[in-house]
Amino acid sequence: MGLAGAAVVALAAAGCGSGSPSNSSNSKSPVSVGISVSLSGDFSGDGLATKQGYETWAAFQNAHGGILGRNITLDFLSDGSSPTQVVTNYQKLITVDHVDFVAGPYSTLLTKPASVIANRYGYVMIEGIGGGPSVFQQGLRNVFDVSASATYQLITFAKWLAATHKPVSVAYASMTDPFLQPMLDGARSYLTSHGFSTAVYKLYPLETTDYTAIASAIAATKAQVVVLGTMPPDGYAFIQDFIQDKYSPQVLIEASGPDQGSSFVKAVGSANTGGIMVPNTWFPGSTYYQNASMVSLYLKMFGGTANNISADVAEAFATGQVLTQAVDHLKSTSNSALEAYLHSGVTFQSVQGPVKFASDGENESATPFVFQWQNGTLQDVLPTGVASPKPVLAVKPAWGAGA
Amino acid sequence: MTATDVTPVGVAAPEHIPYELPKPARWGGTALVLTALVLFPLVFTNPAVTSIGVFTMIYLVAACGWNIFSGYSGYISIGHAAYYGIGQYTVALVAMHLRVPAGWDTFALLPLAGVVSAVLGVPIGFLLLRVRKHTFIVLTIAVMFILQLLAFNLTSWTNGSGGLEMSSPTWQGSYFNEPFYYVGLAGAVVACTVSWFVRRSKYGLGLLSIRDDEDRARGLGIHATRTKLIGYVISAFFVGIAGGLYAPFIGSVYPQFGFDPNFDLAVAVLVFVGGIGTLAGPVIGALLLIPLQQYFYLQFGNANLFLIAYGVLFVLILRLLPGGIAPSIIRLWRWFLVNRRRAAAGAGPPGDVPAPATTPDGGPAGEAEGPGRAGRKETGP
Amino acid sequence: MSILNVTDISKSYGGIRALAGCTMAFEEGAINGLIGPNGSGKTTLFNVISGYERADAGRVTFRGTDVTNARPETVFEMGLGRTFQITRIFPRLTVMENMHVASQRQGILGQVRGWNSPAERERATEVLDFVGLTRLAYEPAGGLSYGQQKLLEFAFIVVAKPLVILLDEPAGGVNPTLLRGLADRIRALNSEGVTFVIVEHDMSFVMGLCDRVLVMHQGCTLTAGAPEEVRSNPDVLEAYLGAAPKGTR
Amino acid sequence: MVILQAVIDGILVGGFYALMACGLTLVFGVMDIVNFAQGILVVLGAYLSYALYSHLRIDPFLSLPVTIPVMFLIGVAVYWTMIKPIKQDRVIMSLLTMFAVGTIIEGVLDLIFTSNLVQIQTSYETSSVRVGSLIFPNVYLYAFAMSAVLLGGLYFLLYRTRFGRSLRASMQNTTAARLVGINTDWVAAFTLGIGVGLAAAGGMVFGLTNSFDAASSYDLISRLLAIVIFGGFGSLSGALIASVLMLVIEDVVAVVWSPTWGQTTFYIVLVIILLLRPQGLLGRKAVRAQ
């Protein structure tokens, strides 16, 4: 390790000396991390949150000695949510800017081409927001997802349901999305294997703008358990439509939407939030590694309230955390060393909890939380035993009785 | 609107002033551009730059193909992403099922991608070409979305929203892009050559006559439907090839990036900027806009003003260069010639205008509506 | 012997009957004049014959074969070319290119080859020489004056050597000297065996040129015969006075 | 019952799609312009109502008297500055110009409202009327009523007023209209204004029933264009029928089969219709230049 490590450090130093814009107060040349983010196009909303997450991490880490005692500089390029641009961007980051490391863009769609490029240049693609199975099926050894991958997202919920409820029929609906759909299927296969029948299973295209019909179809089944693979907009719409239909299932969990804090409350009305569940890889009040400081720093940098912090922020921050720990341990900026080390089965700490990589790069020790709206606040209720969960409301209050 | 109110050339141009650059300039220019393109990756070896080059080539192939139909026939298709997608899925699926090793072998699939697109283009084109220009524009989009939705829904084939992977070649990063680039360049050369042949052929004249006045052309023995369909299929072929090159380069295929509305607009826009219906138009457009756009993203992508700047720039081009860059160059050249002759002959006759708004190819089709309409109206006594 | 027959052709637009069971025969090798007051259905008849409009009823036969509601391209290929009252040329093509659109080629090879073979160019130039457009051969046709466009349309029909040529007001907007030349050209072609059907309001032109004149009125044939007979026919006068005549447009 | 519910949903939602589609088809009929920016203009309308509601607490429905005129003026302005100068190749040039205009608007909206999804949150958005086992959401009922009123007004404007006459005249034949002394430029400008004004109303409802951002425009425009060719370019009643039909088909298919096939089915129906009637459901034959 010694000699090789030294050599690598020297190389890397030379490498980034030639490239990355070194505008740091730190005497030593900074460690540069290159990221492509979607600041326009379909993913622009999450793209911005992702960028903020990385920025929060860099600011925090630089305040705590950076990496290897060197400052961290972030090199952002915008990709307009297009894989074409992502490909160009990561090649520029690696071959022109000579960044030391690259981190993941937003969404499974873009992480795939990005990780291929990284792999081509022997870079590790460490990411927190590209957990669709297809990312891990590429057979690339340089991809590492610090978050819970799609298939694991709803597993906590499914286990709880199977353990606490008698098998009933479940209504499923999901957007056709490389992340959401596997997520829903993951839960469905587990529940089916535990005797839960399927009342209805609806997939709807991204372009859908009117959900009333799908909602009514679900309502018509009178299913008492509803599992939805939603993005925020349709997440809101479904609940609004259920209320319109006067249909109040006992258990209602949505992939995304209820986690959006105040905008969710505004959308569905605080009185209706009660009992609604959402899986989450992170939450503001989590006691996990450095979470408190991340939250406070984020609020200092970007304002807003803790409940409005998007999970994208934490996922990006966690990515940075794992990178920091690994590199500080290795004492080198060699990507090959990093790849080997991340594969070595070590467990890292992050704002999203422990991170331990399976051979395909999924985070196998990820235990996604389940949250539930109780009395107008989002409480973590599952898994029991982690952090300080509130007891679950096994039956969702009827609409309007939740506050 | 009819040609009547255009100043009669008989008066305007006592001697003929060519509507094209002199032969040496044309051939010299072509040779120059070609050499530049061949040498490009050897000079700029940086992968970030060459990857921009690859995308430029992909769009160049598509643009030339698109222009062969939409440019020459005047039927603007904003749905050719249909074949971009078909090309991508063809290559991905065949490579997957026949276990075609990544690398040079995948390039062997390109003609197949083209052929599949062309074959599917026959029924689709037949259907689309039943309607005339305006409806056609929108109908092409509709068909493109149908295919996109099918790609989402026929999961057993396409793996739906999950998309398809293509294992990428094991080539070194330092020269990974070059093979794609040169294959793309080859494709572009073929596309442009075909475009050149069409423009010069009797068949091409049929297409152009359809652009100007379809009904008149039919009255002169031009089999409009057949002629249009052939053109449509040729263009589908090349766009399919472009898609077939894109898939292995990106390494994955998704419905929304295969059947991509943005691709449609991009191609139409760059051909228009270059000069629709001209030989050089698509080339100029692609070589200019694609690098420019990617560079824009790299430089100013983070600024929210990006979209605004892009839109404004586009409006300006539409406004300042009617008919596109290529015709504008020719207009400039003629203006120069006229002045030189005027200078030679002392003060020229007063009515001596540099160039009418129309040029033999690529000029505006405004008048094309005129006589056509008139012809229609007179049908009632 | 008649080369082009129209039998009981009817065509109406909503309420208006443009053609009311119109029947007429055009003699092979003749220069047929087709006259009649505005709105008597001359142009509609042309459109029906040349396949631009569907007839509601009746038959059109050309060279003995039924071409009722045939597609324009088919009719043309059978040897019937026409010009339009309001000229229709290809404005963005050069005059020379316009001349070549109509020239027929056989087989795929013919389609793939360049659009102007020396032979074709020679013939085109020869026709252009006559209509005096050679000078403008490589200008975009859209730049031509209306009169020039009318001549061009006539020219690119002629170049395709059809057996029958329908001319819809060829004299309109053409200056007198050219007009005389035009008449000569028509006679010349006619002597080579080309049949003409000419709709024209310029009576002196028609009477001077045509061997046979057919008169239409309210969508039917009124009368037909040699120019002088027609001129002396009271019904014709009646028809024209009945519907206030306009001269050439 | 479920199917009946789906049909009702389809009709209610179709109502306000008709608003946006009518704007599009009207503009086309008069000017041969495919207004590619209609999608983003709808979103702009949604944002206007959203802004008025979130800052001045003006109920979205009551904000219409403000937003519609504003959008109308925008439409007129766009015509004079962008469309009128186009001399040749109008059809495609105007299409591209409107696309460019749309891009600019999108950029501006991104700048002002950022790309975070918003929705107009009213008190009545979750309330509904129940008839037997059928549900009529209030929002959609109001929206439907509003659409009816506006479309009725449009009908009156077109068929009962002098302006309407000259507008329909220019629809029939621009040159002729100009000959009989109609100032076709003003007619065109007003028409684009009306089209954009309708987008304001449609956008308001869209913002009331969907979370949206500037990027939402792309899904919208593709649907609107489909509706318009289905109904036949330039035909208002066609657009109306097509909108309702589209939503009903989608919703019913979504219920009895799968939502993913809903849109596909509609598009396939569309293609079949156009095979039989290339000019669309109620399109004027003239559209098919013969």
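Assorted remarks:
When the chains are written out, they are named A, B, C and D in that same order, and each has its own residue count from 1.
The rule we apply is simple: contacts are C-beta pairs under 8 Å (C-beta built on N, C-alpha and C of every residue); 3 or more make two chains touch, one makes a residue touch a chain.
These figures come from a predicted structure and were not determined experimentally.
If you take chain B and chain D together, the chains in touch with both are A.
Comparing the centres of all chains, each the average of its CA atoms, the largest separation from chain A belongs to C. Per-chain CA centroids place chain A at a distance of 40 Å from chain B. With centres defined as mean CA coordinates, chain D is found 47 Å away from chain C. We define each chain's centre as the mean of its Cα atoms; on that basis chain A and chain D are separated by 37 Å. Between chain A and chain C, the centres computed from C-alpha atoms are 75 Å apart. Listed for chain D are residues 110, 222, 260, 263, each touching two or more other chains. Counting partner chains per residue, chain B has residues 149, 152, 215, 304, 306-307, 363-365, 367, 372, 377 touching two or more of them.
Across the assembly, chain A contributes 40, 176, 205-206 as residues in contact with two or more other chains. Pairs of chains meeting the touch criterion are A-B, A-D, B-C, B-D. Here chain D touches chain B in the complex through residues 28, 32, 34, 82, 85, 87-93, 95-97, 99-104, 106-108, 110-111, 173, 175, 218, 222, 225-226, 228-229, 233, 260-261, 263-264, 267-268, 270-271, 274-275, 278-280, 283, 286-290, going by the rule given at the top. By the touch criterion stated above, chain B contacts chain C in their complex at residues 2-4, 6-10, 12-13, 16, 18-19, 197, 200-206, 208-209, 211-213, 215-224, 356, 358-361, 363-365, 367-368, 370-372, 374-375, 377-381. Looking at the complex, you find that chain B touches chain A at residues 46-48, 51-52, 55, 149, 152, 160-163, 165, 167-168, 173, 176, 249-252, 254, 256-257, 262, 294, 297-298, 301-302, 304, 306-307.
On the side of chain B, the complex with chain D involves touching residues 1, 76, 127, 130-135, 137-139, 141-143, 145-146, 149-150, 152-153, 214-215, 261, 265, 268-269, 272, 304-312, 314-315, 318-319, 322-323, 357, 363-367, 369, 372-373, 376-377. Those residues of chain C that touch chain B in the shared complex are 13, 16, 18, 38-44, 47, 50-53, 71-73, 76-77, 81-82, 84-94, 97, 100-102, 104-105, 110-115, 135-146, 148-149, 156-157, 160.
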